[in-house]
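Next come two complexes built around chain A: one with chain B, the other with chain C.
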Partner chain A sequence: MAAIPLILISAGLLLAFKMKFWNIGAYGQYILGAMFSSFFALHISPHTPSFILITVMCLAGLVGGALWAIIAALLKLFWEVNEVISTLLLNYIALYILDYFMHGPWRDPSSHGFPLSKSFAANARLPILMHHTRIHLGLVFGIIATIVIYILIKKTKFGYENKVIGENPTAAKYAGINIFRNTLIAAGISGGLAGLAGMAQVSGIIHMIQMELNADYGYTAIIVSWLAALNPIASFFVAIILGGLEAGGYQIQMTMSVPFGIVGVIESSILFALLGGELFKTHKLVFGREKSHHPIQ
Partner chain B sequence: MENASESIVRLHKISKYFPGVLANDKVDFDLRKGEIHTLLGENGAGKSTLMNVLDGLYMPDGGEIYINDKRVKLHNPNDAMRNGIGMIHQHFMLVDTLTVLENVILGIKSEPFYINKKNTASRIQKISDKYNFGINPFLKIWQLSVGEQQRVEIIKTLFKGARVLILDEPTAVLTPQEADAFFEILKKMVVEGKSIIFISHKLNEVMKISDRITVMRKGKVVGSVKREDTSKEELAEMMVGRKVLFSLGRKPLEKGREVLRLENVQAFNDKGIKALKGVNLSVKSGEILGLAGVSGNGQQILSDAIAGLKNISAGKILLKGENIAGRSPRSIARMGLNYIPPDRLRTGLIPNLSSVDNAILRCYTCDPVSKKCFIDYSKANNFTETLIKEYDIMVPRRDAPVKLLSGGNMQKLLFAREAAEKPEILIAVHPTRGLDIGATEFIRKELVKQRNNGVAVFLISEDLDEIFMLSDRIGVIFEGEILDIIDIKNADLEKIGLLMAGLRDTPHNPKETSAATH
Partner chain C sequence: MLASSVRSGTILLFPTIGEIFAERAGILNLGLEGMMVIGAFFGFVAGNLTKNPYIGFTIGMLAGGLAALIFAFVAITLKGNQIVAGLALTIFGLGITNFYGQKWINTKLAVPAQSIAIPGFANIPFIGPIFFNQDIFVYFSYVLAIAFWIILFRTKSGVYLRAVGENARAADAMGISVDRTRYFWTFVGGLLAGAGGAYLTIVYAPFWLDGITSGRGWIAVALVIFAMWDPLYAIIGAYLFGGIDSLQFQLQATGATIPSSLLSMQPYLLTLIVVIVATFIVRAKHIGVPRELALPFYREER
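Entry: the complex of A and B
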């Protein structure tokens, strides 16, 4: 199920995008979230009650992702470092940190040299919601996150301030809005949800931590939130559709030997069409010389 | 036209459409040789569109252009130049880091590849001497004053052989004295056989300089009159389409208590240059203190500093006796200081958000619009609705972005929002800049209403008419210093104009009280 991480990540991303904090580092935040939660899955006794361990892992995922995004936010706030650059570069740092742990301390000695950890114990796995599927408790997280983000954006002062900062930071300053605090919170929530998605992936699907975590969801989620026009409810459904596309991609690769890359091609074509279409909201196409609407003479 | 044969330029039934707007509707206009013909109208009346058609920047959708009775098609400004027409835009088209000479020859195709500087310079010098411009061709543009830069623009067009000059609101950047000097130049040029089209919306200067005046309203010509046959009142009525009231309903001044006091306030601008060099002033409740000055003398930093948007490097800003320097904009606003910033779209409003979102920018933190961390949008809607009714703001749809409103309605919304906070002091910077006469009248009346209700109003404006019309006392800022503050009873245009140019008869500290020194 690709939909669950997409729901979580894009819910967070659109909050950041609303305030024009261009977080494209969900990839790295996702990895950090997966690693923070895996730490507890691997090091806490397998006899801990599942409820407690899962809660701790969720919090760890949130904190890990949030920290990674807040680094970029602080760089922006203190030294005006462009967050597009910093979040992108932090992705690589996250990837190599993961690389170190997977080839070092966390590698399962019995993995024949593959960069895999031990499988998580049963108490560190998210419960499956429906039999014979892989839909796990993460879906509930996704629904909650969508609702919370929706309320945050549409009903709260924070959402309003967020919007004002995004549209006109000068006016925000003029109105006395605390840009520093709001940026940190939005970046934190955005990264935190990406981290939670990472946690849901290792705990709900893979049941171990490995090099291949499908962190690319972090990029797909950018497409999701734009397709949804930054509306949290819409993004929930778009995530399910694009999630289906991703899942279908694996299927066609296996059954029809169509390369999986075609999914990326389709997704990015959609995004290009969407961004290109923006132009026509404000401009119209005229062939030849435009005839005046009013009669002359 | 009875004198059609004398016309050097004749526009016949020019029409120009923009999507949804009829900018020029069959406009007739003619310019005779050796006259100053003013094109008068409010913002958006179609003056600039018409002149851009004549300058070749726009192709008209209908109508004909005759130059010396010959029909021409102008596809670009070079075409216009070949026909002897040159336009001087409101915003100068000069390269700051180049010399006057380099700017003048920029883009002239007939100049040889190797530039004979001596020869060219002497030709520029000749033009400069002829009209007493006093411009040295080897100085860099940034070394020149705004008035001098404007003269360079004129040299540019004359150098290319213009016989007809189009001047788009040339006096907007000048002090009254500079403007008078500028008018002398224009008169001299006319004597030398040039013809001038003068675009303006300032009635005083129009009456001073024009031979004929053509008034435009909503894309149409309302009428053409000779200067001798008309009056300011008549022109204003033609411009607006109804009688304009010049009275604002001021109550006699009551001496109030001091609300705001600035002591030796200093601040640096973004370039690190000291933009405020020790400003002292005070504003009392129930009065309007007007601050006059040519643009760029520290007005914006001063207002930003008072509102808490800009840090000051020294001095004290006392609001009701408390030093607010260094406090946050919100805490200052909560103490009863509201601010109408100079640039409504950049600072005062959020162009892409709805009128509701803009209306609650101040009050979203307080009752009744907000509850704990939530905003009650139905209360917010009601609040916006009252503002819209009370201030008669034309808002087609509540959820449409405010950038779609007209300038006047935007400013009304901004004003309404700030006034709804029931300020004790209101700082208004260029509150009517770019607005049509109707909206200008409205905003000015509201400012006087605030004053009559006991609010201290600090008005910063580059529009001297406005300053004189509204203020109880007039201060003048020049290069970051308040040169003097004069009671309205003792102020006259000349005195203020000299101060705006930085001239004061004796160097002394700014005087708070009136007339002591003069």
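Entry: the complex of A and C
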């Protein structure tokens, strides 16, 4: 069940990473998505048909996440503000916005002072797909997102332009590619999917909004998309594997009291190995001294 | 209050100076947060086990330096993507300190460091009590900032260092070892990030909490831009942010009517604003950014 948010977030991130828009802000975009959709879950009449409410919540999640990413994209496009720093700082800002709402307007009076909202009504919850599991409709969103991103990257002009911008921004500029528009779209999609993941978490798993939303998926998803070499299909499966690792991490924390940090250690070690190993795809190790072709000795 | 701004600023000053040097050498190490939390944790544990804050601080520094070497191996020797490797280092640091840190949570430091007034200077009205009645680590940071400014702009190794970051190929042709220079300054960056973290848990907040650095590493990355890659400006930036940090604590302690979540948000929001402004100035004046920042150097491609 950790796989669903990872699938959604990493599908979006790889699109942004492909054009070297370093969106590290999925954490904050996820929180904003969860908050936007919770707003509707908490404030719309519980008699609204479920289909309509869920649709509205999905759209709200997409918009919330996209807005948060687009702020960073605009800062980059207008003033060349480094998006790694801006998206990261926006993560902390999102966290404290959530903190504000959970300690103020959204706190359930009967929660005994805990920062929890009211439980969502049944019509604001994503339907479960399989009995006796927590696999919810979010999985379908994940599959759709993966397919859409795949098509975007492989079959459309946008995907091609995206790749050119990532690999050679100067060439992209001279080729007349609209960097402004493409960056906004890529940032919007990656933020939107992170927001949708946040929506899926509150609506499908937690059934309320609270401080602990597992927004760390936003960081894990970076690892997922990188391990998948920015390929959407591969990323779907890597998300399931790392989702399993995360779920296992929670399990051993609860049953064997092994701290969850071990998951971070494993994930970062894999990532280090992968980053280092890239070199050997293009370079060959030669032992011993080759004759130098350099004229000056 | 102002004296505590200096202490809070010192946490940021060490890593900012370290990152300035790494970036000047062309290495963008976004693992600052990870190295800081490693320095904070191992410094705290060593300080507690030896009951000596100075040994703790040293161990914290070394731990940060060692963490930087992992990054250096991946990013310099194996030429991996620096942005992602830096993130990996942060995830690693937060993970490993969470893993080993459970039993230390909420433990207080056995022997905290004492303030030492500098005779003469400490009696200067106003400035004296703020800057010259501090602990030894704060004095160390003053010396470091000035010494590093001199190294960067007034010595041959500073020229070499900048050459490596601006144009690695030319530096290589001059006979400077690009990789060795980058390794060295990445390591120094790690030592200083570790120092910042260790200062946090040994002096500023002498206890251990999971993820105690809470984004200070990222604020330091932002301060590098604010400082325009100059160690002296880093002092101003660090104390400014230290001031915001301690102001926010004071306001929360006095029970101001502003909600605490909005106060806690201030440092991050202000950092974002400052980065926007600083980026604007850097661009307008055409200064600062080392030209080959985050680009790996392949010596064989001539």
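Throughout what follows, the second predicted complex is superposed on the first by the 282 of 297 C-alpha atoms of A that agree within 3 Å, B and C clash if a C-alpha of one lies under 4 Å from a C-alpha of the other, contacts with A are read in each partner's own complex, and residues count from 1 in each chain.
Here is the rule we use: a contact is a pair of C-beta atoms (placed from the backbone, for glycine too) under 8 Å apart; a residue touches a chain by one contact, two chains touch by 3 or more.
Please read these numbers as outputs of a predicted model, since none were measured by experiment.
Peer 1: Please determine whether it is chain B or chain C that touches the greater number of chain A residues.
Peer 2: Counting contacted residues of chain A, the larger count belongs to C.
Peer 1: Quick one: classify A:H112 as touching chain B (first), chain C (second), both or neither.
Peer 2: In the superposition, A:H112 contacts neither chain B nor chain C.
Peer 1: For chain A, which residues lie in the overlap of the chain B contacts and the chain C contacts?
Peer 2: The answer is that chain A has no such residue.
Peer 1: Report the residues of chain B in contact with chain A in the complex, numbered from low to high.
Peer 2: 13, 15, 17, 19, 22, 61-63, 307-309, 328-331, 333, 339, 341, 346-353, 357, 360-362, 364-365, 370, 373-375, 377
Peer 1: Applying the document's contact rule, which stretches of chain A touch chain B when the two form their complex?
Peer 2: Touch residues, chain A against chain B: 155-160, 163-164, 167-168, 170-171, 173-177, 284, 292-294, 296-297.
Peer 1: How about chain A: which of its residues touch chain C in the complex?
Peer 2: Within the complex, chain A contacts chain C at residues 22, 24, 75, 79-82, 84-86, 88-90, 92-93, 96-97, 99-100, 103-104, 219, 222-223, 226, 259-269, 271-272, 275-279.
Peer 1: If we count contacts the way the header does, which residues on chain C are in touch with chain A in the complex?
Peer 2: 30, 70, 73-75, 77-81, 83-85, 87-89, 91-92, 94-102, 215, 218-219, 221-222, 225, 259-262, 264-265, 268-269, 271-272, 275-276, 279-280, 283
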